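See the structures that follow.
Here come two complexes built around subunit A, the first alongside subunit B, the second alongside subunit C.
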Partner chain A sequence: MLLDGLSFDLLLSIALIALATAALRARDLFKSIVIFMLFGLLVAIAWVRVHAPDLALAEAAIGSGITGALFLGALNRIERKRKGAASGRLENPVNGSTSGAWAVLLTLVLTGLLAMAVLSGWSYSGGLADEALSRIDESGVVNPVTAVILNFRAYDTLLEIGVLLLAVLGVYAVCEGQTMRDLRRRDRSKVLETFVHLLSPMVVLTAGYLVWVGYKEPGGAFQAGALLGGAGVVLLLSGRELPLHTARTVVRIILGGGFLVFLLAGLLVMKDRAFLEYPRASAKHIILIIELACTVSIGAILTVLFSGCANLLAAPSEEEGP
Partner chain B sequence: MSTSLIYALTGIAIAGLGLFHYLSQRNILRKVLAGNFIGTGIFLFLVSSADRQADGSIDPVPHALVLTGIVVAVSATALLLALLCRYHDETGSLTLDEEDDE
Partner chain C sequence: MSISAVLSYLLIGFGLVFFTAGTVGLLRFPDVFSRLHALTKADNLGLGLVVFGAILRQSELTVMLKLVLIWLLVLIASATTCYLVAESARRNPDVKESRNDAA
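Let's turn to the complex of A and B:
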């Protein structure tokens, strides 16, 4: 065979390290960000190679898609402001601070120690796999990753949705009172319009499928939510004015809904068991309800996060958005 | 040399690259980008460590940690970038003032 698994892994690893170096060293920030997005796509392939298809789905949508869009949105906004102030294009010295030697030393020591630890005892097979896999029947789902996220370690996930909400609150607070950039007329093209018309329903359908299939195969609330968030970003970029301001009650309900449903589900089972310890018979349904609510919330949260960075957070207007 | 070992070392290398640039860059946007590379490197390392059982079974706990970690990383990035944009709006600068440090 011309290209076996290990040579592919080596090639991919070299490509990943080369792309990381290129992104971090490029003088032009725009170039850095585009290389970062390409890096995200290749990382998604790496996830498949280490048997993590759940992560590949999330990484393809978030790592290369939404994070890249966030950076491009922020860069665009900063350069726009720079142009107003006539201070020219954004080029930066790659470093030049006096802490360079310390940075090299610290990095070498840390990575060296980590690499030594890995090389000395990699074949050790400990971990929590046995505990998780032997009790998978009690979780109500078949996909072990979903079982860990929404049942065995549901407490972590609940707090993590809380972290997302906090980030959204932070973005709202930081972006308060800024004038919104108007994309509506300038960037509208027939091709983009048609594309968005065709894409949006497909994304919603795919997200619904990912949530549903998550109980037995790769998928779930985070992957589906990331997809919805991506659709939100595309809608915003195509000039739709999404009603994202917290003055609308419906926006607050959608953003907080995932956390609220999760919390309520955890509390309601507490009549005769511990917090978030679902009864075995109804665990599957409880998990599905939580996942559906979280999917919508995560999608909305990611859209708001992008709109904050790209200066597209719309103040409430009189007429309803599309 | 196994697949998981290759990706674990790659993850360490990427995290190291990210850490070095995080420490040495002065532009905050570049620091945030470097921080994302540190995160991805650590995720890669962590998930590789879930794929080293002798019987080929996968430890789902690191997968779950990293899946939530990816989403938390993107929200933290968004908050940092929003703060940075506001900072730039107010001061016109993309670096923290270093005159006091030197």
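Let's turn to the complex of A and C:
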């Protein structure tokens, strides 16, 4: 073959280092963020190369997509606040500063230590992988990643959903009392609206597929939720008003549902076993129910995180989006 | 080599030519609009040719359909984003200046 695995990996590694450097050295922050998103996409490909498609999906959707959108949203807000003070774009604080040099130095030292560890005859013992794989039958699912995340270390995942819920509560708390920003664009674009119209149902379908397929193939609540969150971001950007204010009970249920269902599932099995230790026969269904609830919650939470304070506080308006 | 293999290499090769041309255009063209022109050629035709080249190397119908679906989705997304970037550049003329300060 013209381009075998090794040369592709080398090219990928060089591109990753180059992009990381470029993101740090870019003169304005906007450019830095765009390069960071590109970096995330290449990291996703790198995960595919080391046979970790679950991580690749998560990296592409969360690490690159949603994080990038959050960065851009934050930058947009800062720039609008500083409008008038300084003209032009925000400068990248890392570029040319001593802290940037220190970061590079630290990275080089860490890389050196890692190289020393590898070269000094370090061997990988496999960790807990063998143990997890040998007991996969008890988990109720076939995909080992799902088995670990939602069964063997479900406690950890429950807390992750809890962290997301806390973050979103923080957003609501910060927004309390702030005046609502009108996110509706004056320049509503028919092209963008049509695109969102076409895209949204497909995103929902794909998210559903990702949850469903998660029990045997790469996929799951976080990837599917990130997709839904992406759809929420695009909906907001297209000028659609999303009724995300907590005055509506349904919004509270959607945001807290994932954590609540997870917690309830963990508690309900406690009649004759430990917390979150699902009975073998119904494990598959319990996991699916938890994942479905978490997907919806994660999607809504990510959308709220992106929306900032817009849309959150106003009382239900005369008309809701479809 | 069978005919389909030859055809597949040809299609993918042509696709790569479009991608290269699109990348060169993106880097070298003077303003937003001509850069978009170059870029969307790579997205539309380049990816289309690569996708059809890849289809010829597949035997399963579902995989072929998935590849076509990917192409169609990229077509829609790239046309939309191209329009949005162009519209934004038309509204804010200062963005139109080329900013060749890539690190």
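The criterion applied here is as follows: the second predicted complex is superposed on the first by the 273 of 322 C-alpha atoms of A that agree within 3 Å, B and C clash if a C-alpha of one lies under 4 Å from a C-alpha of the other, contacts with A are read in each partner's own complex, and residues count from 1 in each chain.
Simple rule for what comes next: a contact is a pair of C-beta atoms (placed from the backbone, for glycine too) under 8 Å apart; a residue touches a chain by one contact, two chains touch by 3 or more.
Keep in mind that this is a model prediction, so the values were computed, not measured.
Within the superposed three-chain model, A:L198 lies in touch with subunit C and out of touch with subunit B [touch as defined at top]. Contact with neither subunit B nor subunit C is seen for A:L288 once the two complexes are overlaid on the shared chain.
When both complexes are overlaid on chain A, the residue A:T21 reaches subunit B and subunit C alike. In the overlay built on the shared chain, the residue A:S189 is in contact with subunit C alone; subunit B does not reach it.
By the document's definition of touching, neither partner reaches A:A224: not subunit B, not subunit C. Contact with neither subunit B nor subunit C is seen for A:V269 once the two complexes are overlaid on the shared chain.
In the superposed model, A:G127 lies in contact with subunit B only, and not with subunit C.
The wider contact with subunit A, measured as residues touched, comes from B rather than the other of subunit B and subunit C. Of the residues of subunit A, those at positions 21, 25, 95 touch subunit B in one of the two structures and subunit C in the other.
Put simply, subunit C touches subunit A in their complex at residues 73, 76-77, 80, 83-84, 87, 91, 101-103.
Across the interface of their complex, subunit B is touched by residues 5-6, 9-10, 13, 16-17, 20-21, 23-25, 29, 32-33, 36, 39-40, 43, 46-47, 49-52, 54-55, 58-59, 62-63, 66-67, 70-71, 73-75, 77-78, 81, 85, 87, 90, 92-100, 102-104, 106-108, 110-111, 114-115, 118, 122-125, 127-129, 132-133, 144-145, 147-149, 153, 156-157, 160, 163-164, 167-168, 170-171, 174-175, 178, 220, 222, 225-226, 298, 301-302, 305-306, 308-309, 311 of subunit A. Taken in their complex, subunit B has these residues touching subunit A: 1-10, 12-21, 23-27, 29-30, 32-34, 36-37, 40-41, 43-45, 47-55, 57-68, 70-79, 81-86, 88-89, 92, 94, 98, 102.
Listed in rising order, the residues of subunit A touching subunit C in the complex are 21-22, 25-27, 31, 95, 187, 189, 191-192, 195, 198-199, 202.
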